[in-house]
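Below you'll find the structures, each written out as structure tokens.
Okay, so subunit A shows up in both of these, paired with subunit B first and subunit C after.
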Partner chain A sequence: MEALFYVFSFIAIFSALMVVTMRNPLTSALYLVLCFFALAGFYVILDMQFLAAMQILVYAGAIMVLVVLVIMLLNISRIKNIGSDLHQKIIGGLISLILFAEVVLYIINGAQKKPTGIFTRALIKKIGNTQIIGEFLFTEYMLPFEIASILLFVAIIGAYLFAKKKY
Partner chain B sequence: MMFWLIADIIKILIVFAGLLGAAAYLTLLERKIAARIQNRMGPMEAGFHGLLQPIADGIKLFFKEDIIPAGANKFLFLLAPIIVVIPALTTFAVIPFGAPVKIMGHTVPLQITDVNIGILFILALTSLGVYGVVLGGWASNSKYSLLGGIRTAAQMISYEVALVLSIVGIIMIAGDLSLAKIVSEQSHMWFIVYQPVGFIIYLIASTAEMNRVPFDLGEAEGELVAGFHTEYSSMEFAFYFIGEYAQMVVNSAIIVTLFLGGWQGPFLPSVLWFLIKVFFVILIYLWLRWTYPRLRYDELMDLGWKFLLPLALANIIVTGFIMILLNR
Partner chain C sequence: MNNYLIVASIIFCIGALGVIVRKNLIVVFMSLELMFNAANLGFVAVSNRLNLISGDIFVIFVIVVAAAEAAIALGIAIAFYREKGTVDIDKANELKN
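And now, the complex of A and B:
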């Protein structure tokens, strides 16, 4: 298991680096798909098969297909002479410094925590994590779940209106 | 430990060889059926009634010149046909193709692995097949290929929604995502009896997902030469075909597992039942292809979004109501 963790981490970090360094946007998008696969691998190691399947199904199988489609339709095959703006460099450097500091802080102050609640690993294996997630979504987290679905519904109607508008 | 390892490897080899062989011989079956429907004989020269035709085709494709168009993205161009084949072959890993058998005191399930999210695993993998088509279309650096790729991507995304929703009814009745459990739930009654609408939606949406006529907008010969695989030759071209036919076998196997009781059946051995059922579903797919003309693009989108999607949603709601009424 530990070896698998390092394999997946290596793939995730490598592909994430490739996403930002590749000149060709389509190649970047494909490396992002690879990154999603590595994340799905982490979920499987954590016994969260449902999340892993959803990661592939929703992110790799649907959202990234749309991204690839847009890149193809816009026909931006290669970005030439990327403008090196001093402002952007400063802002980017600052943000990455802050993020790095945050990660370091978390690693220093973090401690291992025992899982709480009634759901132990054995129980999750017995019931199946899909069933547990479903039960929680429709009992304890009913309100956030419904709000998210309303949000999506509004987004669909908005997209429909934009597409329907005639100029 | 050693026993299970060997058993797994043997099962994987059987499934792998079976799928590839089936994909090769489906080309012959398709040509024979097309010939029957159009009152012809089909391939007759190679072997008895053309039985060696797939092998002859394979050898021919293997020795053909491998052409990579100028200005094509070489890496993606070669990667795309592989991406088509891998999900099609991997999906079969979770499909149970027979009743558990006893070998040397161990009960070996005839299924490579029983994942507890079986259906989701299948859906997740089949949703990746679109990359092969889209990348192939884009990397060829040809307008026909690009148009074919874009069309196919839009079509696959549209039909995937209906495809996923059509299965939800089955999951509700079975109460489990594992395919082995779904098969054992059907020991009294096949799920097609409870979910006839779901079955029809899955059949239509999976045909669209596989890019077969009447939904082969991506490779419409009359308009786009051959669509996304216009520029492909030799074995890369063959890979697209292997992918398509392997996908057909896998989709038929999924339909059999979800709707037609899996390997269950009286008298005959379970594996034989499974194969017979898969064969009949494949015949339905072939029959569809040689019966219906291709849809126009807007008709295709209308069918997907305005007919199949609402129908699938209504199917879920009705199933839920009936399950509450019957107190299940």
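And now, the complex of A and C:
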């Protein structure tokens, strides 16, 4: 498990760096797919196989296909080489370094909370993670579930309106 | 759990770097997706550590919102490209000039 964790974290961080640094957006998109697969591997290590499947189906499948399709629809030679200014790089690097230092300090110094829930690894393995998630989605989280469906519906209409020729 | 949170924060900061530095609208969008995913990893790691299930449920809602956001953002990208002939976000300066 420990070795797998390091392999996945290396792949995830490397491909995330590649997404940000590559000039060609199509290369970035393919590295992003690799990153999503590594994160799905993390979910499998953490005993959430259903989330790993969702990650691969929805992110690496649906969303990245949409991104690649849009890159294809646009003229690739005109969107390929959009560089960034030096001052932008310096400011961006500083901001993200400060953010990282802040988060890591918080993680290291923060008080560790004791486990409070009842869903231990053994229980999740016994019932099955898909069944637990399904039960919670249709009982305790019923209202957010319905609102999510409305959100998706609105997003369909919005995407159609934006991509229409005249609006 | 700390290891997972640190990996998640590294990915989040790389995503933030991409959002700030890159000018290509599509790459900015992909960096946003990276940030979403880092947050998801944090949720799953914490709820695994605290024996809870709500973090995992929340990840599903984040995925739903990310899917909706992807549809809208790429629609905006296409509309922007049709208007300007490029996806350089520095060209979106009507309100400035």
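Here, the second predicted complex is superposed on the first by the 130 of 167 C-alpha atoms of A that agree within 3 Å, B and C clash if a C-alpha of one lies under 4 Å from a C-alpha of the other, contacts with A are read in each partner's own complex, and residues count from 1 in each chain.
By our rule, a contact is a pair of C-beta atoms (placed from the backbone, for glycine too) under 8 Å apart; a residue touches a chain by one contact, two chains touch by 3 or more.
The structure displayed is predicted, hence computed values, not measured ones.
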First (subunit B), second (subunit C), both or neither touched by A:F119: second
Which of subunit B and subunit C A:V33 touches, first, second, both or neither: first
First (subunit B), second (subunit C), both or neither touched by A:A53: first
Which of subunit B and subunit C A:G128 touches, first, second, both or neither: first
Touching partner for A:A3 - first (subunit B), second (subunit C), both, neither: neither
Partner chain in contact with A:L143 - subunit B first, subunit C second, else both or neither: neither
Which superposed partner A:L66 touches (first subunit B, second subunit C, both, neither): both
Partner chain in contact with A:F162 - subunit B first, subunit C second, else both or neither: second
Greater subunit A contact set [subunit C / subunit B]: C
Those residues of subunit A which subunit B touches in one complex and subunit C touches in the other: 54, 62, 66, 73
Subunit B to subunit A touching residues, read off their complex: 73, 76, 115-117, 120-121, 123-125, 127-128, 130-131, 134-135, 137-138, 146, 149-150, 153-154, 156-157, 160, 164, 176-177
Residues of subunit A defined as touching subunit C within the complex: 5, 9, 12-13, 16-17, 19-20, 25, 28-29, 32, 35-36, 39, 42-43, 46-48, 51, 54-55, 58-59, 62-63, 66-67, 70-71, 73-74, 78-79, 82-84, 88-89, 91-93, 95-97, 99-100, 103-104, 107-108, 113, 115-121, 129, 132-133, 136-137, 141, 144, 148, 151-152, 154-156, 158-163, 167
Of subunit A, residues touching subunit B in the complex: 24, 26-27, 30, 33, 49-50, 52-54, 56-57, 60-62, 65-66, 68-69, 72-73, 128, 130
Complex interface listing, subunit C residues touching subunit A: 2-7, 9-18, 20-24, 26-27, 29-31, 33-34, 37, 40-41, 44-45, 47-54, 56-57, 59-61, 63-72, 74-79, 81, 85-88
